[in-house]
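Two complexes, one shared chain (chain A), two partners (chain B, chain C).
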Partner chain A sequence: MEQALAQAGIHLEDAAGIVATGYGRMNSAYTDKQFSEISCHAKGIAHLLPNARTIIDIGGQDAKAIRLDDRGMVQQFAMNDKCAAGTGRFLEVMARVMETSLSELQEWDNKARTVAHVSSTCTVFAESEVISLLSAGTPKADIIAGVHKSVASKAGSLVLRIGLQEDVVMSGGVAQNRGVVKAMEAELKVPVQVAPNPQIVGALGAALFAYEAQMKKQK
Partner chain B sequence: MAENVQKTAPSSREMLGYYLNKSYQDAIEGKARGELVCWASSIAPCEFCETMGIHMLYPENHAAAIAAKHGAEEMIEHAESMGYSVDNCSYARINLAYMDIQKCVAENMPLPDFVLVCNNICETLIKWYENIAYQLKVPIIMIDVPYNYEYEPSEWAIDYIAAQFEHAIEQMEEITGKKFDYNKYREVMQIAAESSYWWTKAMGMAAAKPSPLNGFDIFNYMALIVCMRGKTGCRDTFKKLAEELEEKIQKGEPAFKEGEKYRIMWDGIACWPYLSHNYKAMRALGMNMTGSTYPRGWKLDYDKDDIRSMARAYTSVGNNLSLEAQIDLKTEVVRTYNCQGVTYHLNRSCKCMDFLFHEMQTEVARRTDTPYITFDGDQSDPRNFSKAQFETRVQGLAEMMEQRKS
Partner chain C sequence: MSKMQSILEKLAINPVQAVEDYKKKTGKGAVGCIAPYTPEEIIHAAGMLPIGLWGGQVELNKVRAVLPAFACSIMQSIKELELSGSYDILTAVLCPSSCDTLKAIGQKWTRKDVPMIQFVHPHNRKLPAARTFLAKEYQHVRERLENVIGEPIPDEAIVQSIQVYNEHRAVMREFARAAGAHPDLIDPKTRHLVFKSAFFMRKEEHTALVRELTALLDEAPVKPWDGPKIILSGIMAEPDSILDVMKELHIAVVADDLAQESRQNRVDVPEDGTVMERLAEQWQNMYGCSLAYEHEKTRVPMLVDMVKKNQADAVVVAMMKFCDPEEFDYPMIKQTMEKENIPLLQVEIDQQMQSVEQFRTRMQSFVEMLRHE
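Our next item is the complex of A and B:
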C-alpha cells in the first residue's frame, strides 16, 4: 500500500475512497468497500471499451469469461474450476519447463511452424507432455504455440459456456502475450481486442467504483 | 419421546438431535439383540423394512455427517489406499472406508445384514452396494428405477418398479423368515406420508418474506427425513418445526435479524465439510438460501392401496426426472421462494447432477430472468473445494443481483 501511494505521489489521507478487489480484497485494512474482480473487470472494460460484450480475463490464479450488456453490467460469468490449467500460473510452469521467461513466450510463438498438442485438462499432465515433446525433439516454438492453444481452448470453453458476443476483449496479465491472443482468435473465430494496460483493468474498475461512490456522496 | 414431547415440549432442533442419535443407538442395540440391520440408499423405499421391524441406516447420510464433522479426508484417503479411484463418489469412498475400519468421528453404524439399493438418484449406488454385499457376503435387494426420458414416467416403468417392490417384499420375507404384515405396512405408509407432508410444509415456509428459516437449516433437518421417514419421531419433529416457523412468521421474526438482502436458490448437495464457511460467506453478503429442491426430494405422495402409485412416487424424484421436468421444478422453486439468483454446486462426486447443469441453468435463467453462478466443490471430499474461489463467485452473484435491483 505504501509503495502504491508513493508511486502515485499521494498520501493515504488524500484518498477520498478506497475499493479493494482480487483474492486479498477482504484482508486490506484500508478499504471502504470490496468488489469481486468480476465486477471490477467489467467496470474497467466498460470504461475503456464500451462496445465490449465479452471479457476474457486470464490472471495468475484464475481465468474468467464475463458477458456484459450494453450498459456495461455483468450479465453472466464463468470461471475456471479448481485447477491451474488455462491460467497464468500454467504459463509460468510451462515457461520454467522450457527454460524461458513469461515475457519471451510470444517471441517463441511467432517462430512456430506448427502447433504441438498440449493437454488443457491438468497442469501436471501438461508439464509431463511438454517434457515428452522436448525429448522427442519437437521444436520449442511449436510446443509454446501448443501451450498457448491449450490456454486458449480452456478459456474459450468458458466463453462458449456464457455465450459468445462481440466485441471480445482480453484483460489480465496474460493478455500481454500476443501468442495467447492469437490462439484465442483462432479458437473463437472472432477478432479479440486487448485492453490498454490489461493487467490493471481490475484495479481501474475498483478505482471507478470508488470514484462513483464519492460522486454519489457529493450529490 | 412422544410423551416427553407433550410434557417438556422440546424444540424441533432438540427433537432432531434426539431422534437422529436414537436411530443409530436403536440399530446398535438391536443388532446386539440379533435384530437385522439394513443399509439403504437415501430415497430407497423405507416402508418395507419399517414394516418388517428391520433397522435401516443410510450410508449417504452417515458419510455426510462424517464430512460435516471434518472426518472425511482420512476416510477418503483410506479408501483410496484400498484402491478406490478419486473419481468415485466421495460418499461411497467414505462408506467403503468405514466398512473397513468401522470407526469414525460421527455415530458408529453396525454392519448390515443385507443392503437395499434404489437407483432413482444415481447409478453409482449399484456398484457401491454390490461391493458392500460382495465384501460382507450379505444379500442385496435392488430396485432398478429407469430414468425418465419422457416428462411423465412411462407405464411400463411403473409396472417394472411395482413388480420389483413385490419381489423385494418376498426377498425380505425370506431374509427375516417372517410373513409381511400388510396391516402394519399400511400404518407405516400412513406415517411416511405424514412425515413427507410435514417436511414439505415446514420447508415450504421459507417462501415467506422475509424467510423465518435460515436455508442452511434445511441441510441439517434433512438428515431426519432421510433416516426416519417411516417413524412417528420424524413426523412429530417436522410438525413441531412447522409450528415454530409459523409462529416466527406471525411474530415477524426473520432468520436473518440483520435483514435478508438477497434470496437465492441452492442447487445440488451441500458442501458438507464447508457448511459453516459457505453459510458465513453467504450471510456476510446478506444472502439467504430460501429455495432448494430438497423440500420436493422427499415429497413422496402416493395412494396407500396402490403399489403402482408408490412406484410412481419413487420414480418421480430429483435426479430421476427428465431434463424438462427438472427445469420446470427449478423454475417453480425460484418463483415460489422469490429467489433473485441461483447457486449451482458443480459437485465432483455427482456426475449425474452435473451433466444437466449447463442446459438447466441456461433455461432456468432465461425463464426466471435471474443470474446464476456455478462453483466447484464436492459433497464430502474437502480437497475439491476452494474457499477463495467460492467467495469470489458468491460475491459476483450478489453484485449481479444488486445491479438488477438498481
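Our next item is the complex of A and C:
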C-alpha cells in the first residue's frame, strides 16, 4: 500500500475513498468498500472501451468470461473451476518446462510454423504431453503456440457458456501475450482487442467505483 | 437467552453424542441412512434412531484406493468415514441405488459388523409394477432389519411412524415458509442447520421443536429485506462456510430445492394400500428431483414457480462436484431461466473445499450483478 501511494505521489489522507478488489480484498485494512474482480474488470473495460460486450480476463489464478450489456453492466459471467488449466499459472508451468520465461513466450509463438497439439483439460497431463513433444523433437516454438491454443480453447469454452457477443476484449496479465490473443481470435473467429494496460483494468474499475461513490456523496 | 435461541441450541448437531445418548436412553441403536432417500419410517418403527449420512468435511486418504477422483464429493467423504471406522457405532446402514456412485458405495461396503442393506428405487416410477417392485424391496429392507435386531417390526408400528413422518414433513414445509419470510431472524446457515438437525433426532422431537420455532417466527413482524433473495437448488449447500459467505453478502435463502433439505419433505406418504405399498407410492409421487426420473422434468417449471411465488431475485444451483444426475438437469434449467429472464448462478459444491475465496468471488459478483438489474 505504501509503495502504491509513493508511486502515485499521494498520501493515504489524500484518498477520498478506497475500494479493494481481487483475492485478498477481504483482508485489506485501508479500504472503505470492496468489490469482486468481475465487477471491477467490467467497470474498467466499460470505461476504456464502451463497445465491449464480452470480456475475457485471464489472470494468474483464474480465467473469466464476462458479458456486458449496453450500459456496461455485468449481465452474465463464467469462471474456471479450481483447476489451473487455462490460467496464467498454466503458462508459468509450461514456460518452466520449456526453460523459457513468461515474457518470452510470445516471441517464440511468432516463430511457430505449425501449432502442436497440447491437451487443454489438465495442467498435469499437459506438462507430460509437452515433455513428450520436446523429446519427440517438436520445435519449441510450435509447442508454445500449442500451449497458447490450449489456453485459448479453455477460455473459449467459458465464452461459449455466456454467449459470444462482439466487441471482444481481453484483460488481465495474460492479455499482454500476443500469442494467446492470436490464438483466442482463431478460437472465437472474431477480432479480439486488448485493453490498454490489461493487468491494471481491475484496479482501474475499483478506482472508478470509489470515484462514483465519492461523487454520490458530494451530491 | 431468547426463546428462539434456546430452541436452536436444542437443535444443535452432534451425531456421535446423539447416537450414544439414544443408546443409553432406549437401549436401542441407530441406523445410518445414506443420502438421499431411504424408508426411514421402517427404522423408526423398530424403535431405532435413523441417522442421515451426508458426508462431511473430512480429509480424503483411504478412499483414494477405492473410489476414482471423479466420484462425487459427498460419496468420497462417506466412503472415507466408513473406511476410517466412523460408522462403527451404527447398527446397520441403508443405501439406495439411485445413481451409479451409490450403487458402487453399496457394493464396496467393508465394515463387517455394520451390515449394509442396499435396495433399488425403480426408475420407471409411474408403472403399477414399480410400486409392486419397490414394496418388495422395502419388505426386504424390513426383513433384513428384523434379522439384525432380532425382533419383528409390526405393521401397526410402521403405520404410526408414517404418521409421525408425514407430520414432520408438514411442519418442515411450514418452517421453510416462515424462514423465507424472516431472513432477518433465520440466516442461511441457521436455516440449513434446522433442516439438517432432523437427521440426528427422532422425528417427533424434531417436529415439536421446529413447530415451536415456526410459531415464534410467525409471531414476529415481517421486515423488509434489502438484500438479494435466492432459491437454492441441488443436492446440498455445504460446507457451512459457504452459507457464512451468503450471510456476509446479505443474501436471503427464501426457499430451497435441495435434496438434503426441502426435497426430503416435498411428498407425503399416501393413505391407501398396505404399509409397504404406501411407502413405495411416495417414491412414485415424488417430483422435481434429478434422482427421481420423470419424462416431463417438472423440476424446471417448479423452480420458475418457486421464484415467482417467493418473489426471489435469482436461482443458485449448488452443483455437487461430479454428480451426474444433477449435471444432466442443469442445461435444461439454464435454458429455461434464460428464457424467463431469471438470473441463475451455478456454484460448485465440494465438501472438501478448504478455501471459500473462489466461491466468494462468484457469489459476490453475482450479488453485484443483481444490484444492477
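One rule holds in what follows: the second predicted complex is superposed on the first by the 219 of 219 C-alpha atoms of A that agree within 3 Å, B and C clash if a C-alpha of one lies under 4 Å from a C-alpha of the other, contacts with A are read in each partner's own complex, and residues count from 1 in each chain.
The criterion applied here is as follows: a contact is a pair of C-beta atoms (placed from the backbone, for glycine too) under 8 Å apart; a residue touches a chain by one contact, two chains touch by 3 or more.
These numbers come from a predicted model, not from an experiment.
Visitor: Looking at the superposed three-chain arrangement on chain A, would you call chain B and chain C a clash or a fit?
Guide: In the superposition, chain B runs into chain C.
Visitor: Between chain B and chain C, whom does A:Ser36 touch in the aligned arrangement: first, second, both, or neither?
Guide: Both partners.
Visitor: Contact-wise, after the overlay, does A:Ala186 reach chain B, chain C, both or neither (first, second, both, neither)?
Guide: neither
Visitor: Examine A:Ala213 and indicate which partner it touches, taking first as chain B and second as chain C; both and neither are also allowed.
Guide: neither
Visitor: Taking the superposition on A as described, I'd like to know which of chain B and chain C A:Leu5 touches: first, second, both or neither.
Guide: neither
Visitor: Which holds for A:Ile200: it touches chain B only (first), chain C only (second), both, or neither?
Guide: neither
Visitor: Output check: A:Asp62 vs chain B and chain C. Expected answer is one of first, second, both, neither. What do you get?
Guide: Once the two structures are laid over each other on A, A:Asp62 reaches both partners.
Visitor: Please report the chain A residues shared by its interface with chain B and its interface with chain C.
Guide: 23, 26, 35-39, 62, 73-77, 79, 81-82
Visitor: Residues of chain A touching chain C in their complex?
Guide: 23, 26, 35-39, 62, 73-77, 79, 81-82
Visitor: If we count contacts the way the header does, which residues on chain A are in touch with chain B in the complex?
Guide: Chain A reaches chain B through residues 23, 26, 34-39, 62, 73-79, 81-82, 161.
Visitor: Residues of chain C touching chain A in their complex?
Guide: The contact residues of chain C facing chain A are 348, 357-358, 360-362, 364-365, 368-369, 372.
Visitor: Which of the residues in chain B end up touching chain A in this complex?
Guide: Residue list for chain B touching chain A: 346, 358, 365, 371-374, 376, 384-386, 388-389, 391-393, 395-396, 399-400, 403.
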